[in-house]
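The following blocks contain the structures, represented as structure tokens.
First chain A sits with chain B, and in the next complex the same chain sits with chain C.
Let's look at the complex of A and B:
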């Protein structure tokens, strides 16, 4: 089960993820990110404070938009990852391909 | 210590599979990061079988045997199914560049399994396929 909510703060879109992103639920994350890009948001912050689990299906969603982020000058920063969730990004070195920060303030400064 | 679980081939059952593994590994004094990595690797193999070998057909099932060594040195999983055999060892990994360039959402799961697990075996017979995974615990 995944919960996704979004809000805007200044010119940032904040997507808040909660629960678990796996092969069954990653479609919702995919739709939320696709919609954010379609709506032309250029600064997207992903709040992972309540994200308990992510599998390759969730990692793959972020990876599949990297080209769009680059070609459309979109800045996406993930923040608030627990140690175990951050570790999943690190196993394959995806923390080098995506921007990951500690908290909201730091995430905003990276955008 | 042996544990056994059987699940229908539905993506919605992945959570129950993860809960089963996590709950039982917690009894063996592992930290959260290590438990999560092991749970992740088995989740990836099961998701792959459910989606690619069984087309998410809930009338089919897979069986999971989990065995923590008597000396608590590591854990072995056997994931047994009766679908079209999928040999994880013969899977050719895409590169991360390919995945990004082709905007692919798949391909990362089995890479994770190979990075996390210490030993992977695949056996296939006309009756069943067995994917065997072994992970040595970090503090041993």
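Let's look at the complex of A and C:
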């Protein structure tokens, strides 16, 4: 199960993820990110404080937008990742392609 | 035993011969009588021939009519009618002949009179005997043992009456003759109350039957009068007078009785006939509905049958079924006399009636709907009945039936319609369940194929060498996993090991895995460095994988001559390495990025190549994240730490044993085998 909520702060769009992102729930994450890009948000922050688990399908969603982020000058920063979740990103090497920060303030400064 | 065909032939022959002999004999007797000669035994012989003629006819019709396949009542009555018609036509022809002769000498010729009388005799006998057999079939329709016995008594009594004729009325005496005649008629009357066949006639058939029976009565009366006229006009010269015959009289009486009984019963049944027919049709419609599923009808066809059946069951003037289509315009099935415009007009009228709630709210079960019918204010129709159609607790549509009279739907009719609707809905439900079951089965079959493909992609034999021992396994309990490992020997001292994980599950995982295997075998032969291998693999897979798919892979090139391991990691979980020298294990960490994630030339910037030297007793454990992410009942992961501890503890064992112990440890951790198991590992121990 996944909970996704979004809010805008200044010119940031903050997506808050909660629960687990697995093969079935990754569809919702895909929709949320797709919508954010469609709405022309250039600064997207993903709050992972309540994210317990992400599967390879979930990582696949982030991965599939990397080119869009680069070509459309979109800054996406993940923050508040638990060690476990962060490790998953790191092992795959996604931490080299996505910006990951500790907290919201740091995430904003990275944008 | 003689076959029916033979009996028919023999009986026809006997009938014809006996009739001919009877004619000749009677003419001879007439000659004797008119010349005052002694008649002698000739009269008895004549009676015998007549009896033989009757029996032969009886046998003939018994087989022709009784054994006939057709049990159509109208057909049976039609046979009687045709036989009678034939006899009548011939009889009229004879009369016409006499009319032409006028009062000439020839007309008064007693031989000719007798000849024509015999023709009448033959045809009338054929008519009454064939009618007797038809009546038998009608009476014995839905027979009981008692009824059959009674009929047999009647038949034997008739046979007896034929025998009695030998003695002639003179010998028997008038009283005995009358008593026997009365008894026969009484038996006939008792049998005549069996008129069950009438109930199975529809309205049209009843009218036909009435017409045919009236004609039969007319024939009987005509024949009787005809015979009487002969007796009255030429009494003394008629040698064999049919009307003297007990058998013939009894048959006349019986046939007439049954005719009258049938006629009355059919007449009285006429008004209720439509009700019976309706019930019968209801039953047939019900059967049609319940069979529609087996005959491969689709949902819409089932609903069409429902509408047809319902409209005819209630004698409704018109009706329609509205099928709810989500996100699309609703579809209407309607009777021919309604237009879509009329439906809209009537719908509006229903919206103003007291059953409007049936149109406005979704109904989940018919049970809690007490009111389904109401009068409506419409130019053409006065009352409406609404029946919600519910399949799997969801309303799929609504049926509306209309009548041009007020309160046109009584409780009984509503019950029938509800039963129809229920049956149709059950058919549709079965239809859907069947579809789902097939779909499910197909999905399972697909998974089975995917599993087979996946299993076949894993190597059955691993490389072997004197410098190391190796063991590998892959377990996926239910779903198709995407784990992949393989080995390749480049030269006598150079070996390649890979382990990988394809994202996704099921068929797509198996498909991606086969691509990975293809890429592996193409590139590994080029003897590339581990980094070059990954760059090329990324390049190739970037063009094959779908947008959200990627593959993690670790590659190890073992050189047994230089005792080195060169390795690169493409996003795969870090390999565990046990150093025999240190007596502890650690994860081989280095930079890397999964294959297919970055689909351009920049990929090379994200992979490293590392090299280590190995020593005797070192163990390398390649695994997939299924192992580290295995969860126990408390939802805790097995994790890296436990894996490290496990290897430290079992480092002295050979790879095969380590493998067995690893699986045992995992099962113990997760609490038995489960359908989420998805473990793969490749364990190599250097000598």
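Criterion: the second predicted complex is superposed on the first by the 111 of 111 C-alpha atoms of A that agree within 3 Å, B and C clash if a C-alpha of one lies under 4 Å from a C-alpha of the other, contacts with A are read in each partner's own complex, and residues count from 1 in each chain.
One rule holds for everything that comes next: a residue touches a chain if its C-beta (ideal position, glycine included) is under 8 Å from a C-beta of that chain, and two chains touch if they have at least 3 such contacts.
What you see is a predicted model; the values in this text were computed from it and never measured.
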Is the arrangement of chain B and chain C around the shared chain A a clash or a fit after superposition? clash
Touch check for A:91: first (chain B), second (chain C), both, or neither? both
First, second, both or neither for A:23, with chain B first and chain C second: both
So, does A:1 touch the first partner chain B, the second partner chain C, both, or neither? first
Chain B versus chain C, judged by how many residues of chain A each one touches: B
Per the contact definition in the header, classify A:60: touching chain B only (first), chain C only (second), both, or neither. both
A:83 contacts which: chain B (first), chain C (second), both, neither? first
Candidates 169-177, 475-483 or 583-591 of chain C: the single one with C-alpha clashes against chain B: 475-483
Do chain B and chain C land on any of the same chain A residues, and which? 23, 30, 56-57, 59-61, 63-64, 66-67, 84, 91-94, 97
Would you mind writing out the residues of chain B in touch with chain A in their complex? 11-12, 14-15, 18, 32-33, 36-37, 40, 43-44, 47, 50-51, 96, 99-101, 103-109, 111-112, 115-116
Help me check something: in the complex, which residues belonging to chain C touch chain A? 501, 503-505, 547-550, 552, 570-574, 591-594, 597-599, 606, 637
Considering only the defined contacts, which chain A positions touch chain C in the complex? 23, 30, 56-57, 59-61, 63-64, 66-67, 84, 91-94, 96-97
Hey, which residues of chain A end up touching chain B in the complex? 1, 20, 22-24, 26, 30, 53, 55-57, 59-61, 63-68, 83-85, 87-88, 91-94, 97
